[in-house]
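Dropping the structure in here first, questions after.
All chains are identified by letter, namely A, B, C and D, in their written order; residue positions are counted from 1 within each chain.
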Amino acid sequence: MKKILNKPEDYVDEMLAGMTAAHPEHYKLYGDSGKVVVRAKAGKGGKVGIVTGGGSGHLPVFTGYVGEGLLDGCAIGDVFSSPSAEQMADAIRAADSGAGVLRLYGNYGGDVMNFDMAGELVEFEDITCSTVLLADDVASAPPDEAQKRRGVAGMIYAFKMAGAAAEEGRDLDAVTALAQKAADACRSIGAALSPCTVPQAGKPTFEIAEDEMEMGMGIHGEPGVWRGKLQTADQIAGEMMDRLLAEVPLTGGDRVSVLVNSLGATPPEELYILYRIVKTRLEDAGATIVMPLIGRYATSMEMAGVSFTLCKLDAELETLLKAPCDCAFWSVG
Amino acid sequence: MKKILNKPEDYVDEMLAGMTAAHPEHYKLYGDSGKVVVRAKAGKGGKVGIVTGGGSGHLPVFTGYVGEGLLDGCAIGDVFSSPSAEQMADAIRAADSGAGVLRLYGNYGGDVMNFDMAGELVEFEDITCSTVLLADDVASAPPDEAQKRRGVAGMIYAFKMAGAAAEEGRDLDAVTALAQKAADACRSIGAALSPCTVPQAGKPTFEIAEDEMEMGMGIHGEPGVWRGKLQTADQIAGEMMDRLLAEVPLTGGDRVSVLVNSLGATPPEELYILYRIVKTRLEDAGATIVMPLIGRYATSMEMAGVSFTLCKLDAELETLLKAPCDCAFWSVG
Amino acid sequence: MTITHDVLLAAIDRITAAMQRDFDRLNAADGALGDGDLGVTMSRGMRAISDMKEDLPDDIGTALFQCAQAFTKTSGSSYGTLMATGLMSAAKTLRGQKAIEASAIPELIAAARDKMQERGKAELGGKTVLDSLDYLASAMAGADDMAAAAAQAVDTALDDFRDKPATVGRARIFGEKSIGMDDPGMLAMQSVVKAAVDL
Amino acid sequence: MTITHDVLLAAIDRITAAMQRDFDRLNAADGALGDGDLGVTMSRGMRAISDMKEDLPDDIGTALFQCAQAFTKTSGSSYGTLMATGLMSAAKTLRGQKAIEASAIPELIAAARDKMQERGKAELGGKTVLDSLDYLASAMAGADDMAAAAAQAVDTALDDFRDKPATVGRARIFGEKSIGMDDPGMLAMQSVVKAAVDL
């Protein structure tokens, strides 16, 4: 897959330059690193701040979700690389307006180490931090080791719901508890058809034959649960729903939201073909679908593939999901 | 490039089934063909209807732009194929509420023939139709044969502005004149890096070497103005801006909107890298950028590449561009 | 020779088979100068006609009208619409007739050519199916062996236009590059005609 | 042997060159079990250190502190952060010292290993750079030829763990498939150590 870029080492800086130039009403850079994005208009004073961070190459994740009713700040690393601890500390500083800051990010080793280090740095500045790790990918560890799972597209539900809770004026403990509840409500699984190329590596992240797919593959090309012949859309959707429903048992009257997410190159046409099965399976289980999300919400540049996220709602989560939010990639209400 | 689908011949029907199931608040099918999409909530009675039509495989174009402040109906064909005249006639019937219907679509031979035929069909039913052809692609014919140019991503400006004009209650002549003015204000150019595959053909629409790109290539793989080595992002953006600015001379005080559009697989990261140059070039020409659009607005499934559309505004067009609209892929206000 | 219901059905069978056979070839030819769907358009249109074969009335005009509708419904491609336009033209002339003399065919083709030209707003000589029809109408008029003349005409049309540039439809944008390449619509008409006359 | 400012600078040069040389190899090793960026992390971190070489103070502790910061700033990868954590640990112990005896090194490495273990919340024996450091600390303690012992230790660590499954970091999810494959972080430490001791 070919890419449009200048020098690979400038990829992220130029991307951020273009993004902030295109959407000055949403995003601005903060600090010296050039890798910390914050809201153009700061949130209300006294509001709990929410920061995230992670590698580049996943737009709208992570920086895209900085915005009203969503995140306050984001530290962004090189493609698929964690930002540094200093950058995370900057994001936390920018997001703090005295009410403390929730670190809400995906469960990847480098990110965890760096956010921990960042927390130690800002502790000296009397900023209180809490942490919720997103670990929604069922393919990355069995249920009894769920805390080892990596975070994938499900994180956008946590961003949305925690963001709405913070906007309501809840305190750090309450926002943190809500974010944990949202994180716990989500399960995801992905399937990849083709790799992507990290600009500085110059080579695809993995290789896969023209007639193969990999079920459960991670968004950086981490191996999944099986690799085999490319199946039909209905088979793929069926297996993915099997695996999600095995973890999120549904009964009549349940309310759920579902995210059918393209990993990048896969077009909306194919997502809609898959959604037929998603909807049938959820309705067969007796559930009502609330605000289905179909599109590119968490990607790996030009990787082809999809992920599904199932988010089981209660009244509180549903209200927060439907609350207004606004960023360049997603707006509700 | 691999695709997620069932039987190729079911691709469009299943896509539409999923799309209408996912967004029942926006879209519904009309008529027997299963290939005509109209607004879920009909527009105000007495409003001029606006219909479009064209091949599938370009989401959000064409069906996606059915919605408030945008289109009223759309006839959609197989991938990259014109819908049939009967389907277009159905879209016109659905869109008519007595004030007549504007046919607003891209200048492709098959579509023109079929929309003409459709017009003859609905004439018998006393529906008044007008036509505006979108022909914004500068690479497809020289300026003195501008009426032969094909329609590409620029059509979304015409959808938006004509849609807003119709929503204001203007009559068919006025909406038609406005749509023509919007169409005339837009120029586009594209560059392709990789092909896409039409499901029923099963093979890529064209071939291109791993280190090559094609400037000016059409959205179905129609040849462009040159093919050569893949250039840097800044070179690509520079040449595309050269070609647009040659046709749309700008002077200080001009106001423009610009669309930096992915043809599908090209991720937003790359669009933002390109946008740096777009912005600099427009500002160097003295223009002010209004509501830049960066994303996937008109695609060719999983094709990699980009297009730029430059839309020169006057006060009327700017007001209509900023007027509210709402569909599953784009909302303003 | 007289064209009757049975003759028509047999021709439909042969054309349907030919379009099935030429699926890849026509897609490829159209892919080189257009969007690569001509094989799809033709095989799908003929399959739709084939599927309703049993229900086609004896009235040749009405039968052709239904064939035209099959093309308008299954395809919105230029060629499908042009085929429908041409068939519709003949259908109108032949309404109510159960048998027609072969000698009437050249005029029917010429009339179809004109209607198709109106529909597509293209000139004759633009290297399109119109030129094949034009050659057909001329060659068949007064020919002793109309079948042979028809088969010869579609070949000659291709030969005569191969080295001209396309100026119509998607192929137009290839301009000079189209020189030396066959127009896909003319290729499709060659296959249709040869299957129809069984040569 | 005594480690002074000059010895440190010379080692930095060799390690920087080694990381440049091993760029593709480490990316590939990490690509097989992770995200393929380890060559980038190491070459970028060492280049940043190399770039500020002239400004490094004589105080070895402070110099190492600045090296650690170079890693925290240039990279957020696990390995960069672990390197920074380990260097920081040694830096704190050595603050104010302009020369250190080689005999102090095993203990510095053991302390770094412990701090890195805390940071990464991983067990020893998980087939990571921690195990290389563990082998290094043991092998170097009391060795006559510390350089040789160090070079040997990083090899032995790789040999001993090759056929165990990874249980830490991105490599963990490969589980059994990681058996027979070298841990990229251990490979990187092997290169670093061999360049440092110039063997």
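Simple rule for what comes next: a residue touches a chain if its C-beta (ideal position, glycine included) is under 8 Å from a C-beta of that chain, and two chains touch if they have at least 3 such contacts.
Source: prediction; values computed, not measured.
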Remaining touching clusters (ignoring chain A, no chains moved): B, C | D
item	value
Set of chains whose contacts include both chain D and chain C	none
Of all other chains, the one whose Cα centre sits farthest from chain B	D
Chain B and chain D: spacing of chain centres that average the CA atoms, whole Å	55
Rounded Å distance, chain A centre to chain D centre (Cα mean)	32
Multi-partner residues of chain B (each touching 2 or more other chains)	none
Contacts with two or more other chains, residues of chain C listed in rising order	none
Every chain pair in contact, whichever chains are involved	A-B, A-D, B-C
Touching residues (chain side chain B, partner chain C) in the complex	33, 55, 77-78, 80-87, 108-114, 116-117, 140-141, 148, 150, 198, 200-201, 203, 205-206, 218, 220-223
Complex contacts: residues of chain C adjacent to chain B	27, 31, 34-37, 40-41, 72-78, 80-82, 85, 119-121, 168-170, 172-174, 177
Chain A residues within the chain B interface of the complex	1-6, 11, 14-19, 21-22, 56-57, 59-60, 64, 193-194, 210-211, 213, 230, 232-234, 236, 260, 264-276, 279, 292, 294, 296, 299, 301-302, 304, 306, 331
